[in-house]
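Written below as structure tokens is the structure these notes are about.
Think of it as A, B, C, D and E in the order they're written, each chain with its own count starting at 1.
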Amino acid sequence: QDALTLQLKWVTQAQFAGYLVAEAKGFYDEENLDVTILPGGPNIAPEQVIAGGGADIIVTWMAAGLAARDTGVPLVNIAQPFKRSGLMMICPTETGITSPEDFPGHTLGVWFFGNEYPFFAWMNKLGIPTDGSAEGVTVLQQSFDIQPMIQGQADCISVMTYNEYGQALDAGYGPDNLTIFNYTEMGNDLLEDGLYVMEETLDDPAKVDAYTRFVRASMKGWQYALDNPDEAAEIVVEADDTGAAEYDHQRYMVEEVSKLVDPDDAALNMETYDRTVQALLDQGIIKNQPEGAYTTVVTDGL
Amino acid sequence: MIGSLSPLQRFLALLAAGASLVGLLLSLAVGNTPAPLLLFFALGTLSLLRVRVAFNLSLDGILAAAGAAALILSLPAGAAMPAHFWLALLSAWAFAWLFVERLSAAIRAGALPHSGTGLVIPLVFGLTLLVVWEVVTRGANVPPVLLPAPSAIAARLAAETGILWADFVQTFVKSVIPGYIIGCLAGLLVAIAVDRSPFLKAGVMPIGNFMSALPIIGIAPIMVMWFGFDWQSKAAVVVAMTFFPMLVNTVAGLNAASVIERDLMRTYAASYTQTLFKLRLPAAAPFIFNALKINSTLALIGAIVAEFFGTPVVGMGFRISTGVGRLAIDLVWAEIAVAAVAGSAFYGVIALIERGVTFWHPSVRGGRA
Amino acid sequence: MNRVLPVLTILLAILALWYAAAIWMNAPWQNQLNARANLENVAFTEFAQQTWAQDKPVLPAPHQVISEIWNATVMLDIGSKRSLAYHGWITLSATLLGFAFGTALGVLLAVIIIHNDAADRSLMPWIIASQTIPILAVAPMVVVGLGAVGMTGLVPKALISMYLSFFPVVVGMVKGLRSPEGIQLDLMRTYDANPWQVFSKLRWPAAMPFLFASMKVGIAISLIGAVVAELSNASGGGLGVRLLTGSYNGQTIQIWAALFIAAGLAAVLVALVGGAERVVNRRMGVRAA
Amino acid sequence: MPAAAVVAAHQLGLTFPTADGDVVALSDVNLTIDKGEFVSFIGPSGCGKTTFLRTIADLERPTSGTLTVNGQTPEQARRSRAYGYVFQAPALYPWRTIEKNVALPLEIMGYGREQQAERIRRTLELVNLTGFEKRYPWQLSGGMQQRASIARALAFDADLLLMDEPFGALDEIVRDHLNSELLKLWDRTQKTICFVTHSIPEAVYLSTKIVVMSPRPGRVTDVIVSDLPRERPLDIRETPEFLAIAARVREGLRAGHSYEEAV
Amino acid sequence: MPAAAVVAAHQLGLTFPTADGDVVALSDVNLTIDKGEFVSFIGPSGCGKTTFLRTIADLERPTSGTLTVNGQTPEQARRSRAYGYVFQAPALYPWRTIEKNVALPLEIMGYGREQQAERIRRTLELVNLTGFEKRYPWQLSGGMQQRASIARALAFDADLLLMDEPFGALDEIVRDHLNSELLKLWDRTQKTICFVTHSIPEAVYLSTKIVVMSPRPGRVTDVIVSDLPRERPLDIRETPEFLAIAARVREGLRAGHSYEEAV
């Protein structure tokens, strides 16, 4: 068996249902793989883990992956199960914000730690300064929950469709008392959860083969998860060492994630890729047009 | 002569020269060793002469510096160092240690002035650490995203002074200082109140111990919830963090006055406040300063950690967390360096005040053991 | 009895304050909820009860926290990943290991410092500087770095606990080991006692009060260290992980419950150190003040 | 008991509990000290002299019997600052200079700045420590520390002085000098003085009453009232009256002593 | 200088630097102490007696002149455990019981368990502290603490004893007893003893040589060699020879004293 370590971008949750299901259902074993799944967290940068040799494959957002590549960690995208972004910005209607023109003068909550690029790309496109000036917006480093909205510390906050938005719904917010800016619908989406490996490992055919089998099994996992959402949620809850995952919440998450993932196609969509690259270049997040930041050898081999 | 050295110094001298000797031999065997390094190996080997003639201690300093310079000049770009280069590191480090040993021995013996030269020692030690760090990270090709070399950090530090200064003001000036003052003062006052009333003492101390351990990480999100995302919540975390060490130490310190010293106050029928100010607080001063020093570092950690839970987009903790996320690890370390300097200076100021206030305590009066 | 009464009094005072604060802090959200549900003119007693029964309150009421603790410890199988007892044990073991390392390291450094001038002058400033490094920033790197060399689980957490807890011990012990009076040291000189004898027969006993004061701070900090380390290492569980995930899900009650277990642990640990101190004091014939 | 009794002990007893059994430090002590008396306590080491003084000063609590000071309880007397105490050990505060140590009771009792300065100057001169005002205790010799602590007790005006071997570490000449100064002070101010000493000549020279104590359990074995005149030049110590009293004291001391049998 | 010189000081000087100027504690001290001598030091408080003893013991470093102990430097002598020292203050370790305090030097010098027990028993009996073995220092009276510290210095066999006012806090009878015990010990073991005291009779009774010192700066003003016989019953103190020596010591003491002028 080939041993592979997968570093997730976040804590164990249904956002990663495909991998967790593939592991639990033995799909990796079938491909003769011994996969270890490491949960992430707010202080774990998967790019750093893989650079230090702590993982073979990581799940991360493309913006962060390319930024890392730009600073000298040669990450290569080998597959892109997430086709759409789950990122949204929501503003309670009492803030009076109904369109991006209303933003100036308000405080917006943004996740940092590598999750801030889509927001800044969007603001860059709108031409709104983010320096806290009167014509611009004040940016707040948002905690990874919806408290800043409930507490009224921010006028708008970032949410993922599959996670915090559900919390907001639970808390009694909904489309009727929220203004929702969906990055995908606005055409501002940057690619999210993709699979990345270190460039030099691709020189090794055995590795490439292992990656291919890994992606194949993972996509099978995604397929299974979307077909059996109840069981997938249970698997996620079971896989969570911390005991924090709640079935209902994970069940909701599977449902929402299924809208973003295409289990039949692991390949990178070049149109979104180019848009993502362009947005990053425009903002100066990366300095140079990336070369070799993705490969199709794995998806071609499926 | 080597006989005038202490056993430790003798060992270091032999280690330094020996490592150089082996390095020299290996270089000659392998060939292609850069000239500066070769020169250092030769000089280091020559230091074996000290078995015959006495070496001035500054010679050891010069040798250490030469070794450091030679190593850094000879570091190969982008590849791991050849094995025998590590001997130069060992040798240079042994020279530096020897230098520090002999310097402090000289200061102690009164051969060198105390002030001024006293500062050289920690500096030399720190520089040694930096050189070792530089050589190890570059020589062993450690990925910069795991641990950048000090030179890269210094470059970032120089390039980003504006950002670093803004972060410093946000975190240190706005959060740490007020939080520290309030927390320490509160700890002191509660300790006094607790000490005054046995009832309070019995009631508060167990609960105080309990509260003490509220891990800051837990209160940080709560404080952000309560006090908003700006510096106020960070200051609140600092208050919570500094309170307990002060409480515990002050309560212990207030018991430090000896029985006969207290009896004296009783014979004067001194009031509670008089006893407090003229006996118990002075006697407690060493303990109180202990807490002030521990807190000076805790406060900074607390404020930085609290910034991980929501903050305006400025602050040392903010920069560190986003820096890690962006793999700007050199910026992270630059920020850490600022934190270390600020924290050490803070500590130093308190230690200086302590020397002034508790000059009478044997641990200060007696000087070093 | 005269030990229980004061604690109870203070406890009751805190509880009363707490319930009042809970009403006050949860009121805005409750008002929103009530407005949304078109409830008007809610009587105060009923309103108070509403604020004490929210799902994700800003400040949970004491009974909510206590019942959460109860449900998450006694009512659950001890091996369950949802059991706070299970997570508490994980944190506790890292804390104890880290504290043991930290105390040993702290004492060792203090001993070196008081015996060697060069060490005193060169180490002390850097020991201090080391504590100004924000550990949470370094913790993930430590965890990543140690993971790369195959160290996972308890040890990285314990190392971070050690990193935090050795400091109060060094500072206190340097002071304590230097606290003997000149004449007490002179006596040893007249016997030409060797450094080990001076240490074991004079400096060490004289440093006891300082050691215990430092250890009380150290063990509390050690727990904080373990919790902080767990934040960087969501696998494996622990109270820190519970705090974190609680905060991601806005589960304030869960946060408070984990917090209380942590604080309770610390209180017990500090009390244990205090107990050890009393035993040692008795054996050293310390005069009751 | 006349109103003038400054110290009145009746069947006074004090027991210290210790890990290996109780120590009876005082037992059945009956003693009355009138206003203006100069009472010396003499007795073998460990017989309870210090304990008795501490009990008068309300630093120990009797376990049996009664004790009044100025007709009040010892606590009331202490609260009204009835006495000055010179401890057997100097007990100077290490963070205060000599002058500040002497100033301590003055500060506490609220003396004005100038009065403080004046009293410090006077008492330090009395104990011959002029010039050492700014030194810290650890910079003084043993005898100098003891003198500083005497100065501290004399700096304020207490009607009762409790002095526990104040001159123990002083040479004969300083001792003679301080003896006669103390007598002058006593004569001038009508203070009541309780004075512990191991020197029989000193006790006889100074006292109107000599209390001889004996140990295990600590008790009063003899009270010798001296009929020497109040006016006492130093050479009174060679007179037969003086020597007679001294002999009686020595006798009492020897009788109460456990040594003769033990050795 | 004969080989037998145990202590030899030549133009010895010692100055303490303090915040308000230097203190000359010893100046131009010349003194030779031969093996088997019993030398008493006497002089006003603050004249440098303690400082001189501390210098012999290598606890202070002379700032001028030379000093040898057993023909070696003080440091070498200290390292060979040439002396036992009784400090002016008891300096007992508060966390050790009396018996453990006496055991301290024995532990350090590596005596066996049984020998330790035997020596502790013997020396505590000598100072009449039998029965107090398990007490802590704060449970003892001042004089008892001082005796414990004497026992500690006598527990091991040093050929040179440095004793700084060892009997200061003891009553006359214990003092007499210990004086004669000390004399017996000295006679039996041929130890060399340096002894600080404020009592002129004590100095004369014990010594073969009496060194009179005077302060500011501390210096030796007189060295009186006693021709009393080695065998000294207590009543030798009434003989004219004794009184003559005592008178000479008193004379020297008075001459060196700053008091007469100052007061």
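Criterion: a residue touches a chain if its C-beta (ideal position, glycine included) is under 8 Å from a C-beta of that chain, and two chains touch if they have at least 3 such contacts.
Owing to the predicted nature of the structure, the values given are computational and were not obtained by experimental measurement.
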item	value
Third chains touching both chain D and chain B	none
Required steps from chain C to chain D (each step between touching chains, minimum)	2
Chain pair with the higher count of C-beta pairs in contact (C-E, A-B)	A-B
Between chain B and chain E, centroid-to-centroid distance (C-alpha), Å	47
Centre-of-Cα separation between chain E and chain C, whole angstrom	53
Distance between chain centroids, defined by C-alpha means - chain A, chain E (Å)	84
Euclidean distance of C-alpha centroids - chain A vs chain C, Å	35
In chain B, residues with contacts to at least two other chains	146, 221, 225, 259, 308-309, 321, 324, 361, 365
Per-residue overlap in chain A, given as positions that touch at least 2 other chains	42-43, 45, 48, 52, 143, 147, 151
In chain D, residues with contacts to at least two other chains	89, 138
Touch relationships between chains, expressed as pairs	A-B, A-C, B-C, B-D, C-E, D-E
Of all residues in chain B, those that touch chain A in their complex	143-146, 221, 224-225, 228-229, 307-313, 318, 321-322, 324-329
Parts of chain A lying in touch with chain B, wherever the complex brings them together	42-43, 45, 47-48, 51-52, 64, 67-68, 71-73, 112-116, 130, 132, 138-143, 147-148, 151, 153
Of all residues in chain C, those that touch chain E in their complex	181, 183-184, 186-193, 197, 201-202, 205-206, 208, 284-287
Interfacial residue positions of chain E with respect to chain D in the complex	16, 18-20, 23, 42-46, 50, 88-89, 128, 134-135, 139-144, 146-147, 164-165, 168-175, 177, 198-200, 250, 253-254, 257-259, 262-263
Chain D contact footprint on chain B (complex, rising order)	260-261, 263-271, 274, 278-279, 282, 285, 358-361, 365
